[in-house]
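Reading through the structure tokens given below for one structure.
Chain nomenclature is as follows: A, B, C and D, assigned in order of appearance, with residue numbering initiated at 1 for each chain independently.
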Amino acid sequence: MDSETARIEAFSDGVFAIAITLLILEIRVPSNPAEDLRAQLLRQWPSYVAFLLSFSFIGIMWINHHQLFTHIRHSNNNLLVLNLLLLLGVTVVPFTTALLASNVGHAGAHLALAVYNGTFVAIAILFNVLWRYASTGNRLLGKKFDEHSVDRISRQYAYGPLMYVVCFVVGWFSVGASLVLNIGLAIFFALPFGAKHSRTPAP
Amino acid sequence: MDSETARIEAFSDGVFAIAITLLILEIRVPSNPAEDLRAQLLRQWPSYVAFLLSFSFIGIMWINHHQLFTHIRHSNNNLLVLNLLLLLGVTVVPFTTALLASNVGHAGAHLALAVYNGTFVAIAILFNVLWRYASTGNRLLGKKFDEHSVDRISRQYAYGPLMYVVCFVVGWFSVGASLVLNIGLAIFFALPFGAKHSRTPAP
Amino acid sequence: MDSETARIEAFSDGVFAIAITLLILEIRVPSNPAEDLRAQLLRQWPSYVAFLLSFSFIGIMWINHHQLFTHIRHSNNNLLVLNLLLLLGVTVVPFTTALLASNVGHAGAHLALAVYNGTFVAIAILFNVLWRYASTGNRLLGKKFDEHSVDRISRQYAYGPLMYVVCFVVGWFSVGASLVLNIGLAIFFALPFGAKHSRTPAP
Amino acid sequence: MDSETARIEAFSDGVFAIAITLLILEIRVPSNPAEDLRAQLLRQWPSYVAFLLSFSFIGIMWINHHQLFTHIRHSNNNLLVLNLLLLLGVTVVPFTTALLASNVGHAGAHLALAVYNGTFVAIAILFNVLWRYASTGNRLLGKKFDEHSVDRISRQYAYGPLMYVVCFVVGWFSVGASLVLNIGLAIFFALPFGAKHSRTPAP
């Protein structure tokens, strides 16, 4: 029974792992040996912030994906296509991360932040669509599915898009405030308390 | 019995996952802070189109590969070599994608499009060769193979090369028409109706 | 029981494999056909040293991770977050490696070496935190855990951060001495004798 | 029993898959829209030759690795270290490939070719060392190992280094002759006849 989703998980793990590791290519190695290295490294702080944010968000998304597929045990064409759409969002993140990092402090910061947070809004919505599709009427869940866990995931995932929408909207008014909100969101997800609100414990 | 093809699938999953994720490196981050970011982003629309097309096609190819190997259960040297040829085609896609994206609107567009669609023609033919090799006389299929499913795959896969050949030929006359056809093909593959014609449901 | 950590291991394997393979991108292909190739290749010896060091250290870290998860059999949110922090350290290595390679022989060498060794100090500490969390009170170990092995790992891992701290401190006084120490450390880890002190044999 | 080598295989598959896919990054997308695209594409034929050669050799190495680990069932620290040395060779290939491609037709061609073929000599030797270590006295093989197969692998693998040494030596006299030999070697490995001489059929 497990084998039906095994390769979906393996392929998805691969895409998540590559996307999260490619993020580092966005941080440039200072190339001017004549200038003070410390100054050059400090100046590109937006790259570090963007890297850490995206690493956290992709990490959280992988954990969420992992949790969903402890419940989803059957596969069909629609699930494969929905999962590919989700992975499309994930593969875009290294680009939006580099876009954000290179525009903080410049005129394009608002637009770059909107693209950045907009991508996460889209991914969070796709997570909900995939889960609703798989769980509605117990369509693709395992036989021994736990109704309580399924309901809790459905409730918790509904907040995901909302959180990123807040970051998205705030970003139009203040880039700094939105970045602080994004950092807070990443920390919130990592804390045990936040985890309870954004994911379900392993069965 | 499964373990004979397990590592082929794992290695192939890796190559598919990396190729589909490397596509994003083709989209350049606008680097001129003095110019309007929106204008710079909009100007590189061919990169987005090429990225989305290639993501869709590699995604569909992965789904097809996945389906084939739910039927193929045995392995031999010829299968390994045919599978490597197939993966050779897949690893070339990030290059042909970048080639297409950087030539739309320039004199080289016809040639770039021919290389782009030609690669997919070759991959689609290789899919047929691999499948015919594995399925003829039930050579490498599982014991409980479903003759009906096998015949359906053989019939459906025969259309794949034809579809890309049409895009290839149209591209010599009109780059725009071929791109529209390519987009239509990607959407067709993703729809449940198109899926029926290009793949077989999981057993 | 195994399946609880299977995807953590698969995802971690992916990140380790990608990070170790991306290291090669740091070594530049000499691009001046007019100059003697041998001279150009020899001149970038710091790139080879940095590549070999980081390959060894990531390789050792993968072996350690592999060994830990022969004992850890259960998972929870804290383990997932701790493992992500560990992988964050791993994905940073291609950057710190390129930073080191491009600064040896320049004014920034001390700082680059501090960042390089500092990252490994952090990773080594995270290995201890993850292992203590999983093993304390047999929290996430398998039922048939071997108390002797667990204690030995705990003792051996405690030396890891110390070794990198020594490299870190020596680097502030002498870049050359620290690089020699780093090379010695990599060889020590690879030898059977060093292995006994840094890892535990497979059960 | 299998699980002892499962993660070694998964990690190795990852490194092989990434190295083989990164090869494509070596082929540059022509960036001069003013010049004829066909002429620009044709001019970089050494990149295509180097790409196809390295894809073939890494593919063959993966097949060989796959075959070895159908026999190797136990693991220890020495095997892990030997396997890492083998993977070190594999990760270097994208660099040596780009080095070869950019130097064919220039003064550095002989040296680039020596580095290129020298890397494969080293990898082929490491394959022999790993296999001898694992198979001598049936040290790490499965219980039901087939003495005939083991002996055949040992005999066949001994030729691998020799073949690359011939390419290496010929390269010092004639770059063209060595490239033709390399291409012949890649085709030989792919043919069923060559396969018999370089690998053993799956058990």
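By our rule, a contact is a pair of C-beta atoms (placed from the backbone, for glycine too) under 8 Å apart; a residue touches a chain by one contact, two chains touch by 3 or more.
Here the structure is a predicted model, which is why all the values come from computation and not from measurement.
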item: Interface residue identity across copies chain B, chain D - same or different by half; value: different
item: Chain located farthest away, centre of chain C as origin (C-alpha); value: B
item: Superposing rotation of chain A relative to chain C, computed on C-alpha atoms, to nearest 5°; value: 90
item: Centre-of-Cα separation between chain D and chain B, whole angstrom; value: 26
item: Centre distance in Å when chain B and chain C are each reduced to the mean of their C-alpha atoms; value: 36
item: Touching two or more other chains - residues of chain A; value: 10, 14, 17-18, 22, 25
item: Chain A residues within the chain C interface of the complex; value: 2, 9-10, 13-14, 16-18, 20-25, 27, 29-31, 33, 36-38, 41, 52, 55, 59, 62-63, 66, 69, 190, 192, 195, 199, 201-202
item: Chain D partner contacts - residues on chain B that touch it in the complex; value: 3-4, 7-8, 10-11, 14-15, 17-19, 22, 25, 75-78, 80-81, 84, 87-88, 91-92, 94-95, 98-99, 102-103, 106-108, 111-112, 115
